[in-house]
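Both complexes shown next keep chain A, but they swap its partner, so chain B is in the first and chain C is in the second.
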Partner chain A sequence: MQIALYGLMCVLLIPFVFPTWWMLTSSVKPISDIFAFPPDLWPRRFDWTTYAKVFELQPFGQQYWNSAYIAAIVTAGTMIFSSMAGYAFARIKFPGSNFLFTVVLLGLLIPSEVTIVPLFQMFLGWGMINTHWPLILVPIFGAPSVFATFVMRQFFIALPGELEEAARVDGLGRFKIFWIIALPLAKPALGAVAIFTFLHSWNLYLEPIVFISSRNMFTLPQALTQFTDAYGGAMWNIQMAAATMTALPVLAVFIIAQKQFVEGLAHTGLKG
Partner chain B sequence: MAPVTLHHVKKNYGDVAVIHGVDIDIADGEFVVLVGPSGCGKSTLLRMIAGLETISDGEVSIGARVVNDLDPKDRDIAMVFQNYALYPHMTVATNMGFSLEHRGASKAEIAERVKWAADILGLVPLLDRYPRQLSGGQRQRVAMGRAIVRNPQVFLFDEPLSNLDAKLRVVMRGEIKSLHQRLGVTTVYVTHDQVEAMTMADKIVVMNGGKVEQIGKPLDLYDRPANQFVAGFIGSPAMNFVGGKITPNGFEAAGTTLPLPAGVTGGNAVYGIRPEHFELATDGLPATVLLVEPMGSETQVTMTLSEHKVIGVFRERVQAQSGSTITVRPNLAHVHLFDAATGSRIN
Partner chain C sequence: MTTATTPRKRPFWTIERRDAIAGYTFVAPQLIGTVVFVLIPLGLVFWYSLHEWNVLANSFNFVGDANYQLLLRDPQLPRVLTASAIFSAGLAVLNMSLALLLAVLLDQKLRGIVVFRTLFFSPVVVSLVAWTIVWSFLLQNNGGINGFLQMIGIQGPNWLREPGTAMVSVIVVQVFKNVGLNMILFLAALQGVPKELYEAARVDGASAWKQFRRITVPMISPTILLTSIITIVGSLQVFAQIAVLTQGGPGVSTTVLVYYLYQQAFQFHYFGYGSTLSILLFLIVAVLTFVQWQLRKRIVFYEN
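Now for the complex of A and B:
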């Protein structure tokens, strides 16, 4: 019975594992081998020069840095704002808080494609086109942050009120209660928020192609589309090498923070 | 240490009044227990003393200061919560020293005070542990340690033993009482458990529906309850009540006439008698036995006097069977009579 179950799980795993495997192996195949039929699951020849070519054809190091620092700022900013907003919605009683929270949540219902043109006009007016500001500000104050606020609010709602009252008796004001008591206890939720936000920023594609036009300013998803030959054909092996390098930090972040990610989701009552 | 005075204290939530003008004087060093059924307002009143609830009207004073508008941290109180409210991400030592740390005490002073409190409560081996690594009783002791470490003027306890099992509750009851005797700090303690109230208090405040029903020493409340509510609330098993009328022949209730103390007059009333104040007597009233529960030191008998179900507790070992008849007599020195309309004591 157990063997059958494991067999079934292995079969179900194929659609998830195969694309990653294909990406990894294609990144070290000559381009002709990628299209060989029948396809080779293990490369007949290894061509490691593809990884070097990634850096020759694009300012890939710069683009990597762009994605990394933007994702880091967006993640930190979202963690700060969403934890404070989530705490306020969960723990501070003020008139209209539920209504306001509903209004904030409505932001999740608006697709980013709908707001991209007004945002472009707004950032154009501010002189921020072809800068990284839109890629930082839009996620921090946009839908990803709303979702993060929701996650944090759900966590803080479950925090026992007596802890805050004890802290008040112990001499803490509102901000210190948040900072010293509530926030350290919210590590699982913060971990989930950090992963969500980092992944979202790292994988952001629409906004970069709208707001960024020079190669040095590109982020990685945008850069991946640029590995083409003189005729516009994709240089698949080089693209796969670039994609592999792009996916590595994401995998690393998820593997490291997997436990907190799952705990954070459990606290929100959401299942990933 | 400081006296605590509540003068005509009221609490409203919108249009709903939950505390209806309470006056309580708590002397310096006194151990006062606020007791009453769930929803009677005792915890709200305690939280008003702590500053965790605003005061709609009246005055709360700690020492010579009216503290109505002071933050909890400025009232010089310490509170032990029902769920202990220990900070989960801090060790026992950090939990205990937390308030001192945030009041600017030096590290040496904090260490000294934490050690002093830990010594008193037997917490020294646990100082480096986290709350999740402690048992319920240990957490309770840490919560008390956190309260005493700062040497406040007043301790406030909000049903601190309600999460413990019965055996541990008895142990902790004794520890809290002996801690009070050792430190002599004014203490206000909230519980719904009248046994806790009776065993721990210097003075009990019985509350019901946001009002004080009676204030007094435990045995005074037990022996001379001011009204039917207090009489029924204090004592376990509860006082028996029989409704009827005071007549020259005795207390006439449906199907039976109960003897009255001399000199009692009146009309419709409620006859109250505690279970232990029934006596087995051959010339007593016939009672039909419903249930006999031998406790070892005493026997609890549930029986009917005519149609009135009552409980008697006897030092004797009652051998009666269910359905058999015994004869019992109320001890007239311990009969309580209450006005049928108002519930107030009339004898």
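Now for the complex of A and C:
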């Protein structure tokens, strides 16, 4: 019975892990072996120059930096703004808070795909086309951050109020209560918000191809599709090398921290 | 606490007033950001949809409901909506059932189960375009998948270039990418079902399948509904996968609504008609979300 279960799971695993294996091995195959028949599970010859070529064909280091710093700013900004708003909507009584919460929640119904045309016009008017501003501002305030605000609010609502009351008696102001008492308790929710915000920014594709037009400003998802020869044919081994460099660091972080990763997402996602 | 020592003279800065200031300050960045980058653009997209606007010709004329008339007559639109419906329905059904199967398997008490959980989840953290490009490479006519099929004597189709298989490919690539998320949510829900229920059922002689149908499914139905909302609304936003794998083809067989809207607005420069398509997308998302929240009230058996 146990062996049957292991067997079933191993078969089911193939489409989940084989693409990553194929990406890694194909990234070091010479172009002549890339469509070899029968397919090679292990490269018959190694060509490590594919990795150098990635940097020759594109300003890949610059593009890597673009994606990394944009994702860092979006993640930090979303964590700050969504935890502040989530805390206020959950714990502070102020006139109109329910109405304002409804206004923010409306953002969940409006993915940026719906508003991409006016967003393009707005950023065009502000002279921000072919800059990274749209890739930072739209995610920080759009649907993903609204979801983050919702998640943080649900978390703060469930916190017991005694600690805050004690802090108030001691004369702490709202900001200090938020910063010193509530926020440290919210680490699991913040962790989940950080993970899905980072992945969202890291994967963004429609916004970059609408807003960004010069190679030096490209983000990784955009850059990955650019490794083609003079006839528009894909240079598969170089593309796989670029894909490997894009995928591997995040995958490594995930495998090291997978427990916090998975459990954080599970516990936050459940409280919908 | 100044109020306690001087009870007759209430200070201007009462707790209520301070809280109000703090509350507005705390929500201000998110609120203003959402208004500027989400709600105002939604208003603008409706305004644009009432105009004939060709960026190249630099024309912007009020035309009333002409774009909506065009929407009804657009011969491509039924095919685009069909493609969207097939994609979303196929994705939701495959994703939810595979996620549930994997969650049930991962819920077994087996050695090394965490390794399996990690591996099934791993595509979620792989860059979306990297994942899609690798599958595009695998699905080429002379690519890896057809190579392996040929080894066992099967002539595989040209997956991304034939109408039937192109749609299946796009769905399957997306399912394997993201099913790990729903799997984890289901797994957490399964682990929250009280074990006594199963023991009682076993005493009554209920089969494993009956236990699954009568205990597991009702107990995790809130999670099933929540994840189905997220999955279907998410599936309507699919863009990168289509752009990388098929560019909407062959023909328009994989041109989903977002991809069509992108083509109309940013490839053909019809901003007015593109905005009309945006309104259609918004209405579909809104109606689906509303219907599912209504269903949530009716059919969910158990909610904590």
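One rule holds for everything that comes next: the second predicted complex is superposed on the first by the 246 of 272 C-alpha atoms of A that agree within 3 Å, B and C clash if a C-alpha of one lies under 4 Å from a C-alpha of the other, contacts with A are read in each partner's own complex, and residues count from 1 in each chain.
We adopt the following convention: contacts are C-beta pairs under 8 Å (C-beta built on N, C-alpha and C of every residue); 3 or more make two chains touch, one makes a residue touch a chain.
Remember, predicted model here, so these are calculated numbers, not experimental data.
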| item | value |
| --- | --- |
| Touching partner for A:I73 - first (chain B), second (chain C), both, neither | neither |
| Which of chain B and chain C A:N203 touches, first, second, both or neither | second |
| Comparison of chain B and chain C by chain A residues contacted | C |
| Partner chain in contact with A:L172 - chain B first, chain C second, else both or neither | first |
| Touching partner for A:I157 - first (chain B), second (chain C), both, neither | neither |
| Touched partner set for A:M128, first chain B, second chain C, both or neither | neither |
| First (chain B), second (chain C), both or neither touched by A:L57 | neither |
| Interface residues of chain A shared between complexes with chain B and chain C | 169, 171 |
| Chain B residues touching chain A - in the complex, by the definition given at the top | 50-52, 71-73, 77-79, 81-89, 98-99, 102-103, 146 |
| Contact set on chain A toward chain C in their complex | 2, 5-6, 8-9, 12-13, 15-17, 19-20, 22-23, 26, 35, 37-39, 80-82, 84-85, 87-89, 92-95, 97, 100, 103-104, 106-111, 113-122, 137-138, 140-143, 145-146, 149, 169, 171, 173-175, 178, 199, 202-203, 205-206, 209-210, 220-221, 224-225, 234, 236, 239-240, 243-244, 246-247, 250-251, 253-255, 258-259, 261-262, 265-267, 269-270, 272 |
| Chain C residues within the chain A interface of the complex | 1, 16, 18-20, 22-24, 26-27, 29-31, 33-42, 44-45, 48, 102, 105, 108, 110, 114, 116-131, 133-138, 140, 142-144, 147-148, 150-151, 172, 176, 180-181, 184-185, 187-189, 192, 223, 226, 233, 236-237, 239-240, 243-244, 258, 261-262, 265-266, 271, 274-275, 278-279, 281-282, 285-286, 289 |
| Chain A to chain B touching residues, read off their complex | 160, 162-163, 165-172, 176, 181, 184-185 |
